[in-house]
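Shared between the two complexes below is chain A, which has chain B as its partner in the first and chain C in the second.
This part shows the complex of A and B:
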């Protein structure tokens, strides 16, 4: 059936050409800080009106794949996540780039984006209907448990001081309360400001925290950075071939990629969370299980491989739920859903059970989009690294301009631009005082979902928490949460004991 | 200096004339339609189809802009803040009344000038999973009344479907327990996973599940039968009062928009509503064509609110 899908696809060269164009457009949008897969899809959607359904949807798929992948480019080169899905890629990717190994960092990112994408594509085309059925078993009880696990795990990630990490996380949680409460329409913490009733939107918040703050930091240390940046751009370039890693390194990374792909897939399947959480979760997992956790944050290739595998794997996960159940999990898939509707196709179980050729054409298009993405990004590597040789005073204003566009276009509100600027300043201050930004974002995204699902659970159980411990799935996640908590506390205590011992030794000398 | 001023004055006059000329040739630039909910739902789908039809009539591009948040309030505020030049339209439906009912905003139907209502969605059905084994609506209502709160009605809290739950319990004597499950997509998921017992839904959103027989349409929540959906009978056929939760699809503009421009837009809407492709789209999605314009449409919407929603206002507020 899948072969038939490919046959259909290749029968029309225009489709293949459009997938290539869609991939490239997605990559570019993804690479530009502020613009994401969602922005790209919103702009490209009207272009598909006049296309044949298969052609139009294949095109949208490729834009989605390219858009999620492209974020690594600016994450590595500028330390600014191009999309919310590449926040964790900055940690090690940018560290490696400042060591003059941007080519290598991007090589790993491209390769493992592809592997994550293909992994999820295979699962999508073989197990989709089955997974769809399992996902239906998730009631608010199970959601509460899963989100609790994600929140605990990622908050424990905190680079440096754990206390600062938790504080940042709590700040994110508090900020997420602003606006009209999802369940009771009660306004919270708006202080009478009309605009605040919608709360802070995620996209401008992310752009501000990561992109604007980075630009501000760069501007602050402008004189010291410019010559250094110019230096590291071309030096290593010429000597590197392929993806910049050896077979041995590749196989080593593959071990990290396995669990990362699984994390990405599962997170992608759950509606509401996607690549943004998947990449952070996979990074944390890789760090905690790695034999060399001390290298993380300093340019570990495992630290690039994990988030990049996970974010692309989450795409397949999101598509599973969209195609099998007709449920869009996030903003980007909502746009694809709108694309389906424009072409009079309803994603859902009938699309599968009727053995519709369209389904297999979509699978084929998704796989092809991943392959073409790999090729385009691979040949683009030398070009991308050139970005670093652009002078900062030229590059950064352009980045800022796109940040404005991206913040506005996510929900078409001027107010969001102000939000972006405010969070840019906040991010700058937090970075200066070594407060990690990732836990804050995680708190901001997950707290409302935790609240919503917990309140729904309590509403259903008439205020009792018992049903939650009666669900086997929920219990499994709650046990995992407890395990993470214990593990983190134990390792923190060990660390502080070691530090104390080291200090004692020093004073003895 | 004097010369400069006179030149400027002449320029201003020309600009003034140019403005008048522009008004004569409305529309001369792209028009945006604010859709106050996210992409991917039925409201967004209707908006995009209407935009295509309007484009043909007006000869300029008509762009759908999703402004999500605050239960459609964010989108409505943006339309009110826009220049009253007719280049920013807003669509909405019965949802527009809810934030005002709850007292979270002053914005209401009368805050806008109505362009018209090009379609009515008389496809809201009360749905159960076939495995629940309800013979028909009567069976469901009787089982619910026999054991109050045993049957769960899932919907979005603080939205029209909560009012619908109140209306059903009041008019039919049922005793459904309302449970928040979320928006349309979440409602379908919850019903598929048998996490909730009954939901209300636009028929076309779960068409696949009606075709496979997994979902069972117990009744049409409207006042008139929809011949496109013969398997959904009105509540009155079971001897109950009809509870009307059909949805009108309303198009409006900033209230300061000049009447001439409103007229042009209303004419265009009337033509777009007759567009063969638009009509085909309506039929495909079981929607009812309508062509109410300006005051007529506004009066219809207001009466609809008073007849079907306002009468349950006290219970709705008390349930929050």
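This part shows the complex of A and C:
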């Protein structure tokens, strides 16, 4: 099946070329601090409108892979994570760079990004069809339970307090009410606006919340920075051959990469937390289990290999849950979800029924995207360091210009630009008040599914919740949901007690 | 505004929003075919949201009172208008209103340059190099994008005065 996917892929050279372009664009965006895989996807999405579904989605996959990988470039050269998924890469990567060994650091990062990506691609293509088969047998009861679990984990594990996460999530859910009710075909919450009958479109909503809000927060900070502070300096580095590490070092690192890849994959599967948590967690794990923990933070190559393996492995994990259940875990996967919607494909278990060629083409594209990423990142290393001298003040408005194009052309209406601007302002205000945005987006995307399944199950059981408790799978998901809630409440109480104790100690001094 | 004050305020906004969602659900037409109907889910969601916002208001008020008692309350800062922020919002809204009459290319050129000016720290444009880079990007990007989409993807952006 997978071979067939590859055959389909190579039959069309345009697809392969597009994957190469997508990877490169992703790498560049990932490398620039402030722009991430999400921004790259937002810009590239309108380009796929006129493509064939398989081609368009393969292209978006490659942008995603490149975007998650690219973060290491600025993390190592500047000590600034290019994307949130490369925070831990800074610790040792930049330490090596200050010693003039940035080439070696980047070699390790490229190599292990690839290994993490390929590992998760293999798991994705073997495990996803199995999960898809199971999910195909889900009744509305199980679906309701699994969506509840996804929404709770996203809200509870997001940064900030749990109550804020849940409120943001419910706000997203409420926003999804606008438009036509799927089951009864009556319009809701449109307040007489004809443009709102179809509800808010996902693309302008996403772009507004994440991209426009960022321009606004950068503009808000403008007067607190002087022109001199805004300049960044790049350190000159020695050039080396190959990936800059020996076979022995490579094999040694492979031992660290194993657990890191597993961590990344599992974190990726959980909705709401993605590359950034995987990156940090794998680093901490590698440091705790290493034979030389004292080298960490001073330029240990293990300390680069673990986080870089993990963040790329998390991509495959996130795709598993997106493809099999139709649940996006974070803002970048939401954007891929928007890509699916635009091409009229609903991700979910049905993709796996009837031996769909599309799924295997996507798997093949994902693997190929990782391979091409390795080649491009390897040969592009000297060029990437130059790209970092482009100023974000110039880039960010250009990103917004592309966002205008994306919002407008997804439905060919100017109204969607108003939606984008409105959500940009909302996103800015929410960030200011420390409300996480990811739960809101996931709530917005999953709410129609949740409502439909909840209402279907209650209709089926004539208003009783008993059948849901009788399904073992549904009960397992519900118990997990409760466990996540209890865990978060307990750890938040602990944290606030610690903070109170620290404050008390301070006042004693 | 202190952190707890901000939380109080946002809790109130969410409470108001949940009441609004609940109240507006009554104007949804009911169906006979489906026993639960299109009102059911919005009402549940708004009730849960209302409860959570009460929790938020309660906990932030308690925190606020505690801070007051301990005299930790910071002095009130005079309310300052953040001009770059407001102008950026105005630019975005202006873009929405003017896109149809003015068209993509000229409007985007203006938008890009103004937005770059609003992002660069004050006085950056005294440096000739930055000014030239900004100007060139502002002009080149919209033209390239317009023709890329026109010929490459058959997506037609509003032509406006040039059309």
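FYI, the second predicted complex is superposed on the first by the 272 of 509 C-alpha atoms of A that agree within 3 Å, B and C clash if a C-alpha of one lies under 4 Å from a C-alpha of the other, contacts with A are read in each partner's own complex, and residues count from 1 in each chain.
Here, a residue touches a chain if its C-beta (ideal position, glycine included) is under 8 Å from a C-beta of that chain, and two chains touch if they have at least 3 such contacts.
Worth saying up front: this structure is predicted, and the values here are computed from it rather than measured.
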Just to be sure I read the superposition right, which of the two partners does A:3 touch: chain B = first, chain C = second, or both, or neither?
neither
So, A:50: does it touch chain B (first), chain C (second), both, or neither?
second
Considering only the touch criterion stated at the top, classify A:197 as touching first (chain B), second (chain C), both, or neither.
first
By residue count, which of the two partners contacts chain A more extensively, chain B or chain C?
C
Touch check for A:463: first (chain B), second (chain C), both, or neither?
second
Just chain B (first), just chain C (second), both, or neither: which does A:183 touch?
both
Taking the superposition on A as described, I'd like to know which of chain B and chain C A:435 touches: first, second, both or neither.
second
Going by the contact rule set out at the top, does A:344 touch chain B (first), chain C (second), both, or neither?
first
Between chain B and chain C, whom does A:383 touch in the aligned arrangement: first, second, both, or neither?
neither
In the overlay, answer first, second, both or neither for which of chain B and chain C A:219 touches.
second
Can you give me the overlap between the chain B contact set and the chain C contact set on chain A?
46, 49, 183-184, 455, 459
How about chain B: which of its residues touch chain A in the complex?
34, 38-40, 44-45, 48, 52, 63, 65-71, 73-74, 77-78, 99, 102, 104, 152, 157-158, 179-182, 185-186, 188-190, 192-193, 195, 204, 207-209, 211-212, 214, 284, 320
In the complex, chain A residues that touch chain B:
42, 46, 49, 136-139, 179-180, 183-185, 187, 194, 197-199, 201, 271, 325-328, 331, 333-335, 337-338, 341-342, 344, 346, 348-351, 353, 411-413, 452, 455-456, 459-460
Going by the contact rule at the top, pick out the chain A residues touching chain C in the complex.
46-47, 49-50, 163-164, 166-167, 170-171, 173-174, 177, 181, 183-184, 186, 188-189, 212, 215-216, 218-220, 222-223, 225-227, 229-230, 391-394, 396-398, 400-402, 404-405, 408-409, 414, 417-418, 421, 424-425, 433-435, 451, 454-455, 458-459, 462-463
Please give the residue numbers of chain C that touch chain A in the complex, ascending.
6-7, 9-10, 14, 17-18, 21, 24-25, 28-29, 31, 33-38, 40-42, 45-46, 48-49, 52-53, 55-56, 59, 82-85, 87-89, 92-93, 95-96, 99-100, 104, 108, 111-112, 115-116, 118-124, 127, 130, 133-134, 137-138, 141-142, 145, 149, 153-155, 157-158
